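Worksheet: the structure to be examined is printed underneath.
Lettered A, B, C and D in written order, each chain numbered from 1.
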Amino acid sequence: MTAARRPLRVTVWNEYVHERREESVKRIYPEGMHRPIADGIRRELGGDVTIRVATLDEPQHGLTEEALAQTDVLTWWGHAAHDKVDDAVVERVHARVLDGMGIVVLHSGHYSKIFRRLMGTSCSLRWRSDPGGEREVIWSVNPAHPIAAGVPQPIVIPHQEMYGEFFDIPPPDELVFISSYEGGEVFRSGCCYIRGAGRVFYFAPADQEFPAYHQPDVQRVIANAVAWCAGAVRSNNESVKSSGNAPRDWFLSAKVT
Amino acid sequence: MTAARRPLRVTVWNEYVHERREESVKRIYPEGMHRPIADGIRRELGGDVTIRVATLDEPQHGLTEEALAQTDVLTWWGHAAHDKVDDAVVERVHARVLDGMGIVVLHSGHYSKIFRRLMGTSCSLRWRSDPGGEREVIWSVNPAHPIAAGVPQPIVIPHQEMYGEFFDIPPPDELVFISSYEGGEVFRSGCCYIRGAGRVFYFAPADQEFPAYHQPDVQRVIANAVAWCAGAVRSNNESVKSSGNAPRDWFLSAKVT
Amino acid sequence: MTAARRPLRVTVWNEYVHERREESVKRIYPEGMHRPIADGIRRELGGDVTIRVATLDEPQHGLTEEALAQTDVLTWWGHAAHDKVDDAVVERVHARVLDGMGIVVLHSGHYSKIFRRLMGTSCSLRWRSDPGGEREVIWSVNPAHPIAAGVPQPIVIPHQEMYGEFFDIPPPDELVFISSYEGGEVFRSGCCYIRGAGRVFYFAPADQEFPAYHQPDVQRVIANAVAWCAGAVRSNNESVKSSGNAPRDWFLSAKVT
Amino acid sequence: MTAARRPLRVTVWNEYVHERREESVKRIYPEGMHRPIADGIRRELGGDVTIRVATLDEPQHGLTEEALAQTDVLTWWGHAAHDKVDDAVVERVHARVLDGMGIVVLHSGHYSKIFRRLMGTSCSLRWRSDPGGEREVIWSVNPAHPIAAGVPQPIVIPHQEMYGEFFDIPPPDELVFISSYEGGEVFRSGCCYIRGAGRVFYFAPADQEFPAYHQPDVQRVIANAVAWCAGAVRSNNESVKSSGNAPRDWFLSAKVT
């Protein structure tokens, strides 16, 4: 209501390494994992978004100051090349999140520099990647959370890598999904955080070895998460964020809307 | 995005007692407190809402089963007549909140049956109502919360009743506003809760003896809160709420979207 | 440190219905479920506690004003006779929790009047009780929470009733345990709440048809929960709880420790 | 109960710069701010603690691997020399917190490298340091929190620097204190966080220019916070923290206590 309704500007970031060097991954994601991620966001949010793809190999990983200024929500997939992400770019993304950009961190992105920077913890977890994977069942524990809108309870992913607790993250500000795996492990697989004026969502699916990003319900959750982040983008109240030296009664003389 | 965009149906509920029996209140709110509350919601949300007013004196307080079924968000002001609200109506409102209706509880509504029922605590607090009141300064601690969108940091209410801690509520699921008063007290004055599929917002201003409901920023917060509640209304996922006996593997045979 | 170190006074409450009328239950819990619960608390907390058992059949269910005044932590098991618990007793227990008594609610106690009263929600859930039950695996998501101290990660219960999401409770103030079941369901099985000056812990195991209360790790969690509640008992700060009319500058003239 | 009851090992860390170079500070804290901080902890916790002081000038700031391994709870005061704290030491302290050490961060420590590292946000705030300061009134919003045990409601600090919202921290896992200042600002002045197996407490008082660390109630809160951190130290469950590759059914063959 109170904010402009221009299309949301989404940057889908992918390290794009596995898909180019491993045959098994290339077969599942011939155009890169960013493709089904972007396609799902476009299908769900349509004219409400413009989407740009950026990858590790681009100068500054495609995340220049200007590119970030033009980004409302960033999605992040990385795994093999976390260490190759430049620290200066990480600091820039971090500052932009605190300033109000949303970020949706996917699967192995739990170990990315940016996610660990935002969380302040190790973000370690248990994992198991057996050939063929195992069934993951994703349960929502918040029936009216916008990120769970329109998806079945539960979402079943037939073949997936196992991610299990203890997941070393701060207690989520809102917990949306919990997964179970065939082996009996559980995982907090959909976690919301407020950081500064920005919103952060971590979503556990999917892995380069498994086709879950082609699954419509997984795509829908990612699109919902992008839209949820937009809630902060559109309500970002600059006057709240001010800091620094404040003379006595400064707010009495301030221009009041 | 993913949910229907019909206008939000808002019911503004007011016990409407003080304004009819006390001259001092009548002067401030000649048409009842519900009037500036409704006017502010209409001004901010415009065509996105339809508004109905309901009061204590109506049959079933204007909150019949049918009326509630047609309500997406309910605002609640009560004080002198909390005990006159029928228990059956309270149970009905309570069930409707868990089912997904939003509720915005205002000021002395902290002691209403419905708020205490939803909170599970005593909802007691400190208070002081000196003639002329005292300055309340409302600070947001969440710069991108939609309920704080578009209002100054801080909101200054020149004359208001004091509400102070300890406020016996559960720790808020999201804390949006903290107030200070001239006397030095503080108060968690803007508190969000998730209850079932519904959202609850408590907002401390204003009192029957003070004109704060005519103040545009206070009206805007109430309108923002109504819109925030709508987030749950529009994303309410019926499939999540199911409960009861569940045979083994029930979800494998369920129709999946 | 700051509080007296007298033994903690624990009341183990059991409706004690199934164990007396059903042979299958009698075989598992010949002396009532309260027996292994009390035994486990005594084994773990030893001289730090005194334990009393109270049951539904006693006058006022053994929960008179005086009995509650002498109780620091109450554990609650009920199922078949929730409706037989007197409303006046429920109100009394509720007030005592807000005043600082701890309460540990077990398994089917999720549907007890007192738990629903404290939560403000329906507390409904999914369930399945197949003959022989199914394996429940309990994971801690908080490695330093006192309630998870000294138990293995995970705790495995070989045969148990299934309790699954969505569990209609407020978001826990601290989430300690999440369970998975053989059928693939998950459940927030260890949940902490702060309510007034009291602490509430809900723990999902165990059922009258399964012997989990004889399992040392389950007993240890219950004992840990009792000790965790004691943290609030021992730090209860009466001066914080005061409410009511507060004249300007009241705290400047107050006697300060 | 479940953990050893050896004395808690506390390290009081102070950058110790202002007290040696500024006369105004030297007059208030002639032996350094660490002295009244340590004295207060000793007075309140007595034989339950051993205390060591460490300062910036020592090799590795007195925070060697060995020193940290021997520390259960660290208190941190810094301001003028945040940038002089070695990054390697910060990483070491950070890892030790995740491993279970408690940390109590005081006043201007909000801008220390270690606090910002743990929070993942900018930790900026408003401030005002007028000559003579202004009255800070500290209110507890959690009557049974151990950190508020035994202190008056409210604690009044006659002369103090103003710290005001917005304070750019993650929403606290538990909010214990909110302060108001004479100028009308508010501040979340007592904030608890769980990070890994460690506990973090931020407490806003006091400043080098004001004598609040000599005030018994302020000392008591710090001592309470040290003891609260000990709750995690004593219940740290190593088996929960394990991460890495986990073969199917690993937990069924694990030795179970």
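The criterion applied here is as follows: a contact is a pair of C-beta atoms (placed from the backbone, for glycine too) under 8 Å apart; a residue touches a chain by one contact, two chains touch by 3 or more.
Small disclaimer: the values here were computed from a predicted structure and weren't measured.
**Student:** How many degrees of rotation carry the C-alpha atoms of chain A onto those of chain B, rounded to the nearest 5?
**Tutor:** 180
**Student:** Suppose each chain is reduced to the average of its Cα coordinates; what separation in Å results between chain B and chain C?
**Tutor:** Chain centroid spacing, chain B to chain C, equals 31 Å.
**Student:** Averaging only over C-alpha atoms, locate the centres of chain A and chain C and give their separation in whole Å.
**Tutor:** The answer is 37 Å.
**Student:** Residues of chain B that touch two or more other chains: which are they?
**Tutor:** 137, 140, 142-143, 153-154, 164, 166, 171, 173-174, 184-185, 194, 196, 240-242, 251, in rising order.
**Student:** If you connect every pair of chains that touch, what shape comes out? Choose line, ring, star, complete or other.
**Tutor:** Complete.
**Student:** Which chain A residues qualify as touching chain C in the complex?
**Tutor:** Answer in residue numbers: 135, 137, 139-143, 153-154, 164-167, 171, 174-175, 178-182, 184-186, 188.
**Student:** What residues on chain C touch chain B, complex-wise?
**Tutor:** Within the complex, chain C touches chain B at residues 98, 117-122, 124-128, 130, 134, 162, 164, 166, 168, 170-171, 173, 183-185, 193-196, 240-249, 251.
**Student:** Which chain D residues qualify as touching chain C in the complex?
**Tutor:** For chain D paired with chain C, touching residues are 1-3, 44-45, 48, 100, 137, 140, 142-146, 148-154, 156, 173-174, 194, 196-199, 216-217, 220, 223-224, 227, 231-242, 251-252, 254, 256-257.
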